[in-house]
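Think of it as A, B and C in the order they're written, each chain with its own count starting at 1.
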Amino acid sequence: MSAVLEVSNLRKTFGGITAVDDVSFEVREGEILGIIGPNGSGKSTLFNCVLGQLTPNQGEVRVDGRVTTGMRPCDLNRLGVSRTFQLLQVFPQLSVRDNLILAGQEHQGSMFSRLIGHPDAGLGPAAEQMIAFFRLSHLSDEQAGALSYGQQKLLDAAMAFMAGPRLVLLDEPAGGVNLTMLGNLRDRLQAYHAQRNATFVVIEHQMEFVMALCTRVLVLAQGRIIAEGTPQDIRRNPVVIEAYLGH
Amino acid sequence: MNRLGIIAVVAAAIVAVALPFFLAPFGIYLISMWTVLTIAAIGLNLTLGYAGQVSLAQGAFVGIGAYCVALMTQAGWPYPFAFVCAGLLCFVIGWILGYPALRVQHHYLAFVTLAFTTLVFLVLRNEEWLTHGIYGIDGIARPTLLGWSTGEALDFYVFSLGALTVLAATTWWMLRSPWGRAFVALRENPIRALSLGLDTRRYTLMAFAIGSSLGGLAGALYAPLVQFIEPSSFALGLSFNLLLMVIVGGSGYFFGPFVGALIAVLLPEWLRVTQGYYLIVYAAAVMIMMALCPSGLLGLAERAAKAVLRRDPPPVAPLRIEVTEP
Amino acid sequence: MASFVQLVVSGLATGAIYALIAVGFTLLWQTSQTINFAQGEFVMLPAFFILASMNLGAPFWLAALIGIALSILVLGLLFKLVIVDPMLKHGVLPLVISTIALSLFLKESAKDFYSSQAQPFPALVPSTDVHVFGAVVSTQSLAVLAVAIATVVALHLLLNKTRLGRCMQATAQNPTLARILGIPVRRMVLYTFLINGALVAIASILISPIYLAKFTNGETLGMAAFLAAIIGGFNQVRGAILGGVILGVLDNLSAAYISSQYRGAFPLLILIAVILLRPQGLLGRIEERTV
């Protein structure tokens, strides 16, 4: 199996604080990799470095063997790397359908061909399909801002999938979602994964969610990887238990 | 757009066509001025209302367009060519002015564009070899197009109304295309937009350039309408006024600039009873409106229409999301 | 050389006034995200309060006190209660629009209710020249400098040496945390508005003898305050002071040595350069944030 994402020797410091310290790992095609760790362990910084939102001080990121360090997030996205955000990030004044079309339109043709092309960039049916997949069909004409928190989370995930990405990075998808919606979200992510053999990386606090969803888990503490393995291994690993519970 | 909106637009269009036949020359001059200001305000609405980039430079672009047309036509170039040049020149300058917008946002951008407006004013005033300085440019001819002279007030109104119609339709069509969606995305959440593959840099520059070129085209109509231009017409005051037009009409509403410009043109006439105090009344009205309904008159109309037509429970307030800059 | 010293001193005097205006401007921004586009008109207006009081028979010193008090009341308290508070929930842009309208309102009011003519305004000290290092310097410039420096020092002491001042700074830097720490955030924000009211009144007293009291004064003064605040650094009181002084000196020197026609352009070019090269301002802090 080939590696979709390779991260090698990544380091990021803020002033005197090293948030990510010499981290290397790879993500194989079709797997769901979980990254867990206590607050402040550097998960989000790692994510932002991989995604081009922050520039790492050292190290390299490759997507399908191609070096992407320093690439702008929009170019990275067009290479097939997609993400969701920890805090809600939808476009509240656009309809649910427009949110999804937007998520796909920049992958169609050039900027000028889009100007003279169809208003929905030929993505109307695909958007409706994605909306139906996430069971939001009854809401497709509503403004995204009028949706409930959980529905917006689903929409956020749907947007990440809209362009048929090679790799999706999910930043705390379960945060703030109630239990029913959580089950719903997990179910949809698993269904999508099964259908497309998609590759996911998930950062999450909610252990049950990670254990149920992921095929492999990395544990981060103080900017370093301290453990790696299947969810079962991780659950029993004394180093992990100590990192989480302290002394 | 719902049915009520279509009826309103059709009715307004009929009034716009029929009105000049009932007006004295000064009235026709006023509604011609309305078409010109509306074009400039549509441009600013694109930059500010849709793409969310605050600009206090629209008045400067009207000035650049006006001077461009005045100087070129007096040098013997045909008007249509000068008209296109005014638009292109402002497109290029607007594109360049957009670069600061890539680095800074909100209030900083307001100040950069404000500085730009003042610089343009200084150049217009000081470079007398080109612009005749404070004496301005006099005797700007109204164009003759394919043998049709627009010298009379009514003819010029027909010409400028035609220009407004074409430019507004073009803008409408662009806003319906994926570009319109991209501009709104830029306004609402640039970081998320970037992560969805949207080249926010190019769209920001494009929003600035197109908005500015509409300002330049408005200037290209302004010069032959008033037939005399001078630097102080394009100082900061005009940029502020255009900004107020967009906001008062309803920023981010396609027809907002039409309403805002109409008020800016008519209010001084209506408030003539208050004599010199009309600016005080206007300023107070704007402040009250900002406090009660910052989405402008069309925002107010939309709220009223919803309340009357639907009579269903008020919609859930949109969730406000704090966007942090990277 | 003598004229150079002269230009620098009068530049420092103007710059010190700009600094006062800019400090108030940044204080409002820091505590309540208010970008006050009417700040220039705020400086224009107190001179008219003072002139009106003198017309009613008050001596200058009393009129000045009345002017400062009225300014704190109207441009501090009323401004906050009537204009800013109702707008805060709508975000930054509507408030910007509102202050633009307010500047128009104040300018037109001064014109219509007082006079459209420039009014002579009494100076703090009689205008004579003194010789310093061979240069002729006016006592007015020195008096302006003295008052401005005293005001800035007083403000500095208030902000840094008193409990109240530290509470205000905490509010400016992190309102949420300040609230958790039990600081009455709303009252602290109000105090910054009152301080701004006092600062603009003092600036008005200092500048009006030079420029005369005129309803259009606010245009250039407001611009100077924005420029000073941005050049120095929006999130720093010290930055605003530095920006004001740089601006005043530069303005005088460029008018004398380079081009009086384009004297207005140099600060703008510096502004654009600062924004492009160092958007946080000369003394500002960089804030690297993540998503």
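Everything below uses one rule, namely that a residue touches a chain if its C-beta (ideal position, glycine included) is under 8 Å from a C-beta of that chain, and two chains touch if they have at least 3 such contacts.
Please read these numbers as outputs of a predicted model, since none were measured by experiment.
Undergrad: Find the most central chain, measuring centrality by the gap between its CA centroid and the centroid of all protein CA atoms shown.
TA: B
Undergrad: Relative to subunit A, which chain's C-alpha centre is the most remote?
TA: So the farthest one, by centre of C-alpha atoms, is C.
Undergrad: Just curious, how far off is subunit B from subunit A if you go by their C-alpha centres, in Å?
TA: 41
Undergrad: What's the distance between the Cα centroids of subunit B and subunit C, rounded to whole Å?
TA: 32
Undergrad: Between subunit A and subunit C, what distance separates the C-alpha centroids? Give it in angstrom.
TA: 48
Undergrad: Name the residues of subunit A that each touch 2 or more other chains.
TA: 53-54, 85, 87
Undergrad: Tell me, which residues of subunit C touch at least two other chains?
TA: Answer for subunit C, listing residues that touch two or more other chains: 290-291.
Undergrad: Counting only residues that touch at least 2 other chains, which ones in subunit B make the list?
TA: 191, 326
Undergrad: Can you check the complex and tell me which residues of subunit C touch subunit B?
TA: 29, 35, 83, 86-87, 90-98, 100-102, 104-105, 108-109, 111-112, 219, 223, 226-227, 230, 234, 261-262, 264-265, 268-269, 271-272, 275-276, 279, 289-291
Undergrad: How about subunit A: which of its residues touch subunit B in the complex?
TA: Checking each residue of subunit A against subunit B gives 51, 53-54, 72-74, 77-78, 82-83, 85, 87-94, 98, 101-103, 105-107, 111, 114-117, 119-121, 143, 145-146, 149, 152, 159, 163.
Undergrad: Note which residues of subunit B are touching subunit C in the complex, please.
TA: Going by the criterion above, the answer is residues 54, 99-100, 103-104, 106-108, 110-112, 114-116, 118-119, 122, 125-126, 191, 236, 240, 243-244, 247, 276-277, 279-280, 282-284, 286-287, 290-291, 294, 324-326.
Undergrad: Using the touch definition from the top, list the residues of subunit B that touch subunit A in their complex.
TA: Contact set of subunit B toward subunit A: 174, 176-179, 181-182, 184-185, 188-189, 191-200, 202, 315-316, 318-322, 326.
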